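Next come two complexes built around chain A: one with chain B, the other with chain C.
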Partner chain A sequence: MGTRAKSAVLSALIALVLALAWHIGTLPKGPQAAGVDPEYAKLMGLDKPKGDGLPTLAEVGATAWKQVSDPFYDAGSNDKGIGIQLAYSLGRVGLGFVLAALVAIPLGFVIGLSPVAHGALNPFIQVLKPISPLAWMPLALYTIKDSTTSSIFVIFICSIWPMLINTAHGVASVRRDWLNVARTLEAGTVRTAFQVILPAAAPTILTGMRISMGIAWLVIVAAEMLVGNLGVGYFVWNEWNNLSLSNVIFAIALIGVVGMLLDLAFGWAQRAVTYAE
Partner chain B sequence: MSLFGNPYDARAKLSCACGAHATQAEHDEAARLDAERLSARALEEAAMRALFPKRAERRRFLSAVGAQAAAAAIASVFPLGALQAMAQEKGKPEKRDLKVGFIPITCATPLIMSSPLGFYEKQGLNVTLVKTAGWALIRDKVMNGEYDASHLLAPMPLAITLGAGSAPLPMHVATIQNSNGQAITLAMKHKDNRDPKKWKGFKFGIPFDFSIHNLLLRYYLAEHGLDPDKDVQLRVIPPPEMVANLRAGNIDGFLGPDPFNQRAVFDQVGFLHVLSKDLWDGHPCCSFGVQSAWVKQHPNSFAALFRAVLNAAAMAANPANRPTIANAIAPANYLNQPPALLEQVLTGKFADGLGNVKNVPDRVIFDPVPWDGLGVWILTQMKRWGYVKGDVKYQQIVDQVYLMTDAKKRMKEEGIIAPAENPRKIVVMGKAFDKAKPEAYVASFAIKRT
Partner chain C sequence: MSAAFLQVRGLAKRFAPGAAPVFDNVSFALERGEFVCVIGHSGCGKTTILNILAGLDAASGGEVIMDGREVAGPSLDRGVVFQGHALMPWLTVRRNIAFAVKSRWPDWGREKIDAHCQKYIDLVRLTGNEDKKPSALSGGMKQRVGIARAFAIQPKMLLLDEPFGALDALTRGAIQEELTAICAETRQTVFMITHDVDEAILLADKILLMTNGPRARIAEIVVNTLPRARTRHDVHHHPHYYRIRNHLVDFLVHRSKLLQAGEAEAASNDDGPRVVMPGLDAAEEAAEPRAPLLKQVK
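Up next, the complex of A and B:
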């Protein structure tokens, strides 16, 4: 058996043990109505088997199947299928991310090429970078006056820094020799930027984009839980209201899977631009 | 404005519904004009019918004098213009598509049920109810105009108008959404610790600073000798998150809205220590509010909303309708709670968490009139706890914000019985309140921040 096969078997075993522990830990207790006034028991929902909060594996499975089998239903402005919720979240993340890239990559070029710009902008970047994106939310709501645009702004502000810093770093560390060769061949500034610096810095820039996308996906869930109204984060919040943990667990798993797919996509793009020196 | 149109909305089309207009907006405008012309026509037709009950006579009259002359003759006898204007006052909202915010609690029953039960539609409105995560967010979205109207806590419009906790912005309260219907819920571990005097160091959840919950809990604690600012901790927690916090042991109890009191009981994490009704029978809880400027810009839309919610409140006031309402507002689109749970809250037959079945038909009541005395009481408590400082013109502010006279007038127009005076005297924990003497009332308390 190769290493890969061994890992796969081990992975499956871990999953099985976890599932079994979950199943045993959440087995519902039988009707607890013994010795209680039957009317009271009915009002408390004690006449039927009732778990003590955590749903069983089968319940989560049934919930997941129900959500996945009808992902695009629309039962009103506050109740839509998980596919629609996901589309809203991805739309917000995509828009905020693209806007951030449009600002961060050109700005990163400038900072990477000009030590003066680097010195001038660095203090701002250092102060703004560590701010939790959600801390911007009250200010954004107050000034932008629209909750959807505010959440897109929050995505924008959180995904701009890794891209900016990585682009600047990638551009600044392009090998001098290559720039000198470009100059000897009398390539113009624009040509040098697009044909020498951009390809050389591309792997670093994509690393920044990959980190940014990871952060953006983390933040959108929190932002939507805060401002609500459609999106995966809103879905989690809405089911939390109902204390429906099986839906919450399903959503957590879904957020994980989508996050992984986004990361894989950027990983693939990164490999495509990597070069061997 | 939302950056995303809803791509899954079945009604979103590239042209309009009938295909004859370029956009849905144009189609709607044409339909509206059509409706206006038709309603004018309907009035004229009714007048003709009244004058000439027999069709043959009407035909003979018309062919004898000619349609033009007939119209002029009838107009001279009947005030058709005035009749048309009256009909129009009811029939033409300036803005049909409205966004109304709400928190998923039973306090919002009238404004939520108006959607599934068709009260908005009947007034020619297309209302989108937007579920919102907390009161601060509701305040921000009302103030920035994202919501046309909203579910608000009864003290919030007063606070916003005065600029307490926000920039000042004139607000109106059209109706009180519900009265009573709250409770103090304590964690199970305190079931043998029911004497408030022993609650020093407790942590309580409240939905918002400017809530009747905060004011009532402060009042209750102070009556038992505890200073709410020093002896206990009051934490603002959005209502939906109260049960989770109680379960996690973050708080010892909360004075919160239903269904979350009953939900704590149902999930066996808490019990109902006392219903808010037993502190003050008839206290207001939530309200239906709008910016004053919005009313000026959309008088007819506002009137239509007002009528819808008043009619809904009248339906909710009848206990016989409560199970139907519980089922209408239970789905995930609205409260997202089991109907059986909402029924316990709305019908007043409920489990108290300590093994008893209680029967309290007026656990929650629906009296939509924003009585001025209620507003004055709220202001006295805001003054008492230092939320507003200096001279407060109690009656003047309440008259400006709470549209009591307006609500009574519109109820009469809708054929709903509206008493001239508040049918319930304001008596809070055995102490009567006189709305004419607010300053003396504030001064009468031992524990206060003034």
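Up next, the complex of A and C:
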């Protein structure tokens, strides 16, 4: 049996054990009426088996099936299908991310190519980078006065740093030889930037984009919990308010799966631009 | 002198102001179609001279004039083969060369560029490897691509920076012969740096000998009196071969150091280095005790 097959079997086993543990952990307990007056127990419902409120595996499975089989239903502002919520979240992340890339990659080029620009901008980057993106939220809400745009801004501000830093690093460490080749061939600035520096730095830039996307997906859930109205983050908070824990668990799993798929997509893109020396 | 294709006069380079120059007062000239090799120890500034000729580096003093124009910045007139081949690893062999061709003739269509590339890929005998990435090629093949790229832009002069330094002896021999053939065919003017005395004798018309740095300079210009159309197999049978070889080895082992120390001799040849023809100097063989020794060892 190959390593992969062994790993797959082990993974399946771990999943099975976890599912079993969940199932047993959430089984309804027997009548809790020991030592209590039977009439009182009956009155309080203590004579029947009762769970502790955490949904069982089967309940979550049923909820998931219900959600997945009708993902785009729209029954008013507080009751939309998970597909719609997901689409809103992905849309905000995508927009904020693309805007960040449009700023970070050209700016990263400038910083990477010019030591003066690097020296001038580095202090700002170092101070702004460690700020939790959610800390910007009140300021964004006050100035932008729109919750959706504010959450896009928060995604923008959190995705910009890894992309900026990686682009600058990638551009600055392009091999001198390749630049010299371009110079001796009298390749212009634009041609050198797009045909030499960009492909040379692409793996590093893509790594930055992958990190950014990971952070953006983490942040969007929190941002939507804060600003409300739509998205998976809001869905989680709304279902918590509804005390529908099986929906919460389903949403948590979904956020994980979508995050993994995004990461896989960037991993694939990264491999596509990576070159062997 | 004024008719020379490439004139280098009083070239100097210091990396920090006030520091001793790496080399100083370097003057020489190249005729069109000449193959010149530079030999000297590491640190004497050979690569810096090549970079100045390429226009990639600026001299601290002196001037370089090629074909009646001063060299100021890189130009398509001078093709460079870099020490570490410097191929772009994300491009195939064909696209690496096409990048250069497209630079030279921006108006050419894709078909014309590809046909031109193919000609030079065939020339360096890499036919069938057009669509491979450099990572799939051996060291010798990569260096051939580098040579094809430099030749493909049909420069007025070719600058080679120890192009075969990283190759094994057999591969090196094969590419040296290809290079000789291509140069003979295209009458290319070549300036090449090497550490390999035999390589210099095989390829060069003239060999510039540099003293050690700092304050390195060209001590001698050795004229290679071996007839052209040399091959690796028979070049060492020619009577001039060991005379020239011994002269070069002797320079590298002893005189490069002595000349660096002896400032007196440096002052004496301000108007250009001494031109010597050890190949014609039959007396040197008799006077040189190392020559027979070397033959015995061999």
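In this text, the second predicted complex is superposed on the first by the 256 of 277 C-alpha atoms of A that agree within 3 Å, B and C clash if a C-alpha of one lies under 4 Å from a C-alpha of the other, contacts with A are read in each partner's own complex, and residues count from 1 in each chain.
Keep in mind that, in the parts below, contacts are C-beta pairs under 8 Å (C-beta built on N, C-alpha and C of every residue); 3 or more make two chains touch, one makes a residue touch a chain.
Quantities reported herein were computed from a predicted structural model and do not represent experimental measurements.
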Chain B versus chain C as contact partner of A:74, first or second or both or neither: first
More chain A residues in contact [chain B versus chain C]: B
Partner chain(s) touched by A:199 [first = chain B, second = chain C, both, neither]: second
Which superposed partner A:22 touches (first chain B, second chain C, both, neither): neither
Which of chain B and chain C A:276 touches, first, second, both or neither: second
Partner chain in contact with A:145 - chain B first, chain C second, else both or neither: first
Chain C to chain A touching residues, read off their complex: 54-56, 74-76, 78-80, 82, 84, 86, 88-91, 99-100, 103-104, 133-135, 153
Partner chain C, residues of chain A touching it in the complex: 175, 177-178, 180-181, 183-187, 191, 195-196, 199-200, 202, 273, 275-277
Complex contacts: residues of chain B adjacent to chain A: 1-4, 7-10, 104, 128-133, 137, 140-141, 144-146, 240-241, 243-244, 247, 263, 265-268, 331-334, 336-338, 340, 344, 349-351, 355-357
Residue numbers on chain A that touch chain B, as the complex places them: 36-37, 39-40, 43-45, 52-53, 72, 74-80, 84, 87-88, 91, 95, 138, 141-142, 145-149, 152, 225-229, 237-244
